[in-house]
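Before I ask anything, here is the structure I am working with.
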Amino acid sequence: MDNPTELIVPERGLVSRRIFVEDEIFRKELDRIFTRAWLFVAHEDQIPNNGDYVVSKMGTDAVIVTRDMEGKVHVLLNTCTHRGMKLCRNDMGNARTFSCPYHGWSYSMDGRIVEQPGDLAGVPGFSTYYHGELEKKDWGLVRAPKVHVYKRTVWASWDPQVPTFEDYLGDMRLYLDYALDGRDGSEGNNEMIGGIYKWRVNTNWKFAPENFIGDNYHDISHRSVDLVGIGPSGGRGRRDDEPDAATTIGFPALGHGLIGEPPHYAEPEYRPGWTLDEEAAAYDRRNYDRRVEKFGDQRRVSMTVGTIFPNMSFHGRQPRTIAVFHPISPTQMEMWRIFLVDRDAPESVKEAARNYYMSYSGPGGLTESDDMENWSYATESSKGTVSRSIYFNYEMGLGHAVELEGIEGAVENGVFTEENARIFYNRWNEFMNAESWDDLVPVKKEDAE
Amino acid sequence: MDNPTELIVPERGLVSRRIFVEDEIFRKELDRIFTRAWLFVAHEDQIPNNGDYVVSKMGTDAVIVTRDMEGKVHVLLNTCTHRGMKLCRNDMGNARTFSCPYHGWSYSMDGRIVEQPGDLAGVPGFSTYYHGELEKKDWGLVRAPKVHVYKRTVWASWDPQVPTFEDYLGDMRLYLDYALDGRDGSEGNNEMIGGIYKWRVNTNWKFAPENFIGDNYHDISHRSVDLVGIGPSGGRGRRDDEPDAATTIGFPALGHGLIGEPPHYAEPEYRPGWTLDEEAAAYDRRNYDRRVEKFGDQRRVSMTVGTIFPNMSFHGRQPRTIAVFHPISPTQMEMWRIFLVDRDAPESVKEAARNYYMSYSGPGGLTESDDMENWSYATESSKGTVSRSIYFNYEMGLGHAVELEGIEGAVENGVFTEENARIFYNRWNEFMNAESWDDLVPVKKEDAE
Amino acid sequence: MDNPTELIVPERGLVSRRIFVEDEIFRKELDRIFTRAWLFVAHEDQIPNNGDYVVSKMGTDAVIVTRDMEGKVHVLLNTCTHRGMKLCRNDMGNARTFSCPYHGWSYSMDGRIVEQPGDLAGVPGFSTYYHGELEKKDWGLVRAPKVHVYKRTVWASWDPQVPTFEDYLGDMRLYLDYALDGRDGSEGNNEMIGGIYKWRVNTNWKFAPENFIGDNYHDISHRSVDLVGIGPSGGRGRRDDEPDAATTIGFPALGHGLIGEPPHYAEPEYRPGWTLDEEAAAYDRRNYDRRVEKFGDQRRVSMTVGTIFPNMSFHGRQPRTIAVFHPISPTQMEMWRIFLVDRDAPESVKEAARNYYMSYSGPGGLTESDDMENWSYATESSKGTVSRSIYFNYEMGLGHAVELEGIEGAVENGVFTEENARIFYNRWNEFMNAESWDDLVPVKKEDAE
Amino acid sequence: MTDLALLSSVQTWLYREADLLDYREYDEWLKLLHPDVRYFVPIVRNVPRTATTEFTTEGKDLAWMDEGMTIITKRVNQLKTNIHWAEEPPSRVSHLVTNTWIPECEGEPGSRRVTASSRIFVYQNRIDDEQNFFVGKRKDVLVESEGSWLLLHRTVHLDQSVMLAKALTVFL
Amino acid sequence: MTDLALLSSVQTWLYREADLLDYREYDEWLKLLHPDVRYFVPIVRNVPRTATTEFTTEGKDLAWMDEGMTIITKRVNQLKTNIHWAEEPPSRVSHLVTNTWIPECEGEPGSRRVTASSRIFVYQNRIDDEQNFFVGKRKDVLVESEGSWLLLHRTVHLDQSVMLAKALTVFL
Amino acid sequence: MTDLALLSSVQTWLYREADLLDYREYDEWLKLLHPDVRYFVPIVRNVPRTATTEFTTEGKDLAWMDEGMTIITKRVNQLKTNIHWAEEPPSRVSHLVTNTWIPECEGEPGSRRVTASSRIFVYQNRIDDEQNFFVGKRKDVLVESEGSWLLLHRTVHLDQSVMLAKALTVFL
């Protein structure tokens, strides 16, 4: 092939390997993507009570997600504004203030006694040593200006210009809802199993969202676990039977995409699931019936897995999880995983889910460990001088996307295709080239007029 | 606050976090500060005899400090000029020559048989293989052109233009004297306890001299050791009572500063010290009396801790130590510590001091370990994309410095202030912007006229 | 000395230390040297049968060396062209295809069913998922366009413009022949002992080829092993007596060089060798006799050690080995060693050689371990700010090279000299400054006319 | 006084077990497990010294491993497919088991149940330069069975909060 | 022949000691120390093989640790303040004690004094990815006391010249 | 039942051996070797789980070490020259030997021959910050001789394919 010079060549389905290994590009990503996009930061179950906090990450920045005394959620840069000490070195807890170990500046989590949580609440010697001359209002913790809680998930952006979370999601929201709503369709009925997997993988972070945005093609890499069989109804494979209508759906203007089912207006015929556990099987059936009842002939969607640009992916069905890919360096990420069950599911159903999820995902998951091998050695293998000069191939199904009816701004691409990955890298390219949100295709521009 | 673009904003007390994490700035520091300034390299007790040597560091360069056969001290780059082998891989010893393991070039430490110690003394095959054509004079070890021994401490600079050591110190010298003179005021009466602590800390090196130049404010971080109490008279706290007159004193034109007492003309009333050890207590009292006698109504100063720009700090009282902060990378330093006692103190007094010092300082010190935590996590916490874009705050006492009488070029700033840190970073800024010593405010220019 | 600004100062025998420690120069080396030169990649004994493969390296790129079903040897970039997975994670084996673990693309090793080994042979879903629209011909493994098998050694280059291997070698080939031919002069009579040493050394890769190109001067560094004595006839030293005629010979236009004997037209008087082992001693004698008979009064050469630019060195006599120095970073290389014996030597002779070689070379070799110490601490010691600003000295014998009769393009420089190292760095400089092979002195230009 | 024979028997059992894992004799290794075995490796969190939330809870929260014979057997079977890519080609693994002593022993000889406290250092090396260090505390409950021991319960407190390995494909 | 009971008793004592440290039961740990205990971790220097100056001298030179009950107790008390930031939140620490044998034993049963030679590998992990490896040689002098042992003297030869950790907040 | 005395005697022998190496008493160490000793550390390759080519072959292929008394003695003598630069100034080395048990024992008391299976972690630190970790499996064949043991054969399976150290100047 003749050698292109651009990093992304949309019309040919080419992506330069340089974006997976080069430091300069990585630093630009941090600057142009991770300070602008909406990023997943936490699940509300990590901070159920007022005063609760949990640490998280946005790009390479450490943040604290807090719930103030009014119950409102905030996202604060985890670094003392005085001399930079990592303010909170606990992973989680409950507090009224954060007090800095170095010189004792303290910051409020309490929306009542100061204007904003994260405000500088206590400065030892303020009136004496400082002669009252510190403009305390200016020295609160750096706050993410945009924070949004959506069906128990918490998102934030550093960019005051970022569109609303709903506009940022577009109709991808319907598919996110499928994961966050209850199995019977009940709104936001999800609960996080205690604990998060956090682990380091020597891979460029983009291998993960690219994979989860719609890579059915790599099923073959999971043949070993398929042979063994870990699905919740026994037998071979990793899951219960999925709907026949499965396809890939992408949002070209937004960078999101998924594997799942197009809008439909009736529940497909019931296929028994979770049959290894009697209660879980009954619960599964019950939920089917409830969905039939609840949705009637209304539009509904369902999905297996998808990515919200840039670095959050989620599984909607089996397992039901949220994954986040935190960039560490061009060739390292820290991956996080959270698992969801229905809040009101019977204990035994939750337990069946927990056991299944752990066997599937995370560093010890029988499925996911093989993904880690692939992503890390694909990264390793792209570092060489010759190797980094060539392009990855994303030609599968190029030009075969069709508009998807019933979902705004979506295309449907068939089960096996790389359209969604192309959508992801095109959006990546737009972010990298944009000077600000003005240059990014305004989300739902028409609505705004 | 509105975002400044300079790295240092003196009038607002702001310092960009970038100078603590960025590689390019770090390399410029090595080039513009560490090859120009006077750097502490050794204590004479490390090389008491002719032929003794000890290895040290200047910035990222390894050096050997030697005492030649005439007793003169030299500082030599620790790398064979032939093909770069690390010439001396021992930490210390006594020798007549350094012989290179790779090809056997040997260098003299003996000022008598060659012109200069470090000169190329032996080249196997010089007249045969080299046909006598190697200009040996040009290929001696690279020597620091400026070396100064001051009250048993050894200093060096790579810059032939550097002012004299005394001019470089200015009146800061009086405070250094306090640490290096005997407890009774006897000149240069100090002895180094055998052994140096050397350890790696994942922090930018500047956190250390900034701290020691006058950060009383971080006392709060040492509350755990204060509760336990390790002072030499028992009870809570880390030290015996210090004089009431303590304040911070800085040298704006020089970059040095300290916590200590302004010049005074009589000894303050005696406060018993070292009372846990009978002999040490008696020695302390005796020294007080001797000071009263020796100094009468003359000027004297005293101090707790201070920094000589750029990377040497010292404690004058409790403990009595020298610390050096060798840069390794933007986010790593190697810290060294040397401990001092009076040469002629009774053994039991030395022993009391040794025990006390070890409990205080070094990686295992009950006080210092908490500093390491603060500095390393302040560094860690400044690496993020958003985090590195903001500024540290050094506003405490901004505009409240007053000229200090009796000490040339000094300002007095009160016990709690960040004036000294501001002085440090202003000087840092001058070094970084200067093309040569001509651009650095000439020290004692007036004297030179 | 006055400070030069060029990296290489040929007329003064100076080489800047920067080329041993700086990242930018390292990356340029990868680009300008390792993608252009002929590189040693394997020994045929690693792939004796059709379908055999072994992994190797070219610069920082991983490659697979394969033998196709016609017996032809190929060198393929070890990375799946689809999404970059390291295709072959085994070190060696026999296969008909390489199948990618990630999505199952498979590549041929079989020249019969596809045009070229490494061609994309299997794409799951080609006609369905891809709609038959992938130009498979374009997506075979990246192949080294130039591959040459020479007396059981395999070489490759990424540059289609590279001269023929023979032209690249020039008359250095005669000396390589000495290592690759049998001890009795029989053509290509060499066999590789099973297994390769591969190990990481924190040194710039150039220290190794520079050393092996002709550094007799560092013999002194091996005094400890010389005192102990590991030679195959017992006593002190590392080898049997070598010929009196030994000198260094270099190829200024090519960058190669060696320690060995100039062309001669009769065997020198026999000196008994390998006397610790009766059979080996007899074999040695027999080979002498055969050489006398075979070569008569024809030209012959012999050698101890030499370097083929850029990163392959070999020992021709004792031990008889091939070494390759793979760059990893400016300050790290991965070193490989392969050992040779006559294919048809008696088992006990092979065994004597194996025992001797292992005691000599590799990380555990009594000789080589000291080289590793020197190279790694010479690298370490050149990292400092002052240290990297100075120059290594290669003045030994500067201007004393004389043309060597009987070998085209060669100079003879005496036993102790740095002429060969100068030749190496001059060639290095030419590669670094050349835009393409057009700018590199055309090898054997005259012949081509 | 320590029951020397007991202690030695438990230590030897643990070392043999490690051999079976490190020499990849997984089927033999499975035979050392009690049918009701539980393998539990909780996640550990950074929390204050005084907190009770340091470890996730067995049977309730996420854990690096919290499983019984069914999943353990599946792990072994997956390795035996020879296409479990994260372990193919296989890693080189060494289990260093140290500090073993027996804080608890109950029951009569022949049907004893002991708790063994150990430290482990599991070293994993694969392909060229990938290496992982897993260090932590192990508590094993062994039950006596026909002159030998069966593993009934294993807790490993891995000394890592963020797992510093790309995957956990070794038994700890 | 080795006194098996003695060896086993000393080993078990060392493992229990490690448990107390690693499970942060410092008050219990203090009870294992003799009132006259000395804890000595000299600094090591790069000097020729033939030199006698490799280690700093106990009771005279600087050392990473050279202390008795007073300072040891203060270290423990500092940890117990819960605001000793270098250990708050607490590090995860494992002491792996290996190679224990008894080169010397003197005195009558009931008042014996033994020297135990060991190796240690102390792994420390804290916050997200901070990890330290302390490896070296340990020589312990234990004295018998009421059926158990008390630590009278401990020397640790840490295999590091420049300490490659930011702080030494663990007992080695 | 395990022969406690035998096991303990072998373990103690291994720990004393490690002491002699780590405290650099090489001449004493040589005395622990049988005149016919073989020291074998094969190279390991990445090959499929099912392959038989993982390790190079003793007495035939290359190996990190495959040698007897002659070369071993030369190594010791080289160290003793004090100018073997890769070990001068000397490295700081600790051999941690763990997991020792005795899978095989044959012969009569007084002339027994045992096979001991262990794990080793050899830590090497030199100059300022150079450090190497050698971890692997050891199989030793010891023969009884005059109330003690002599090393007849040692195999070390180092868990590294590419050796991640610049030189192998320690006995594993």
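Miscellaneous remarks
Here the chain labels run A, B, C, D, E and F in written order, and each chain numbers its own residues starting at 1.
Heads up, the rule we're going with is that a contact is a pair of C-beta atoms (placed from the backbone, for glycine too) under 8 Å apart; a residue touches a chain by one contact, two chains touch by 3 or more.
Model, not experiment: these values are computed from the prediction.
Common neighbours of subunit A and subunit D, listed by label, are C, E. Listing every chain that touches subunit B and subunit D alike gives A, C, E, F.
The minimum number of touch steps separating subunit C from subunit F is 1.
Matching A-D against the pairs in C-F, A-E or B-F identifies C-F as its interface repeat (over half of contact pairs the same by residue number). Taking only C-alpha atoms, you rotate subunit A by 120 degrees to land it on subunit B; that is to the nearest 5. The distance from the centre of subunit D to the centre of subunit E, with each centre set as the mean of the Cα atoms, comes to 27 Å. A straight line joining the Cα centres of subunit C and subunit D is 46 Å long. For subunit D, residues that reach two or more other chains under the stated contact definition are 4, 46-48, 83, 85, 87-89, 96, 98, 121, 127, 129, 161-162, 164. Residue positions 89-90, 101, 200, 221, 370, 373-374, 377 of subunit C each touch two or more of the other chains. Chain contacts in this assembly follow no simple pattern; the graph is neither a line, a ring, a star nor complete.
Annotation, chain-chain contacts: A-B, A-C, A-D, A-E, B-C, B-E, B-F, C-D, C-F, D-E, D-F, E-F (touch as defined at the top). Contact residues on subunit A toward subunit D in their complex (touch as defined above): 89-93, 193-203, 221, 223-225, 227-230, 334, 339, 351, 354-355, 358-359, 362-364, 366, 368-370, 372-374, 376-377.
Subunit B makes touch with subunit C in their complex at residues 27, 30-31, 34-35, 58-62, 77-87, 89, 101-104, 124-125, 128-131, 133-135, 138-139, 142, 158.
On subunit F, the positions that touch subunit C within their shared complex are 41-43, 45-48, 51, 53, 56-57, 59-67, 71, 74-75, 77-78, 81, 83-87, 127, 130, 161-169. On the side of subunit E, the complex with subunit D involves touching residues 4-5, 8-9, 11-12, 14-16, 18-19, 22-24, 79, 82, 87-90, 92-98, 121, 123-129, 131.
Across the complex, subunit C is touched by residues 83, 85, 88-89, 127, 129 of subunit D.
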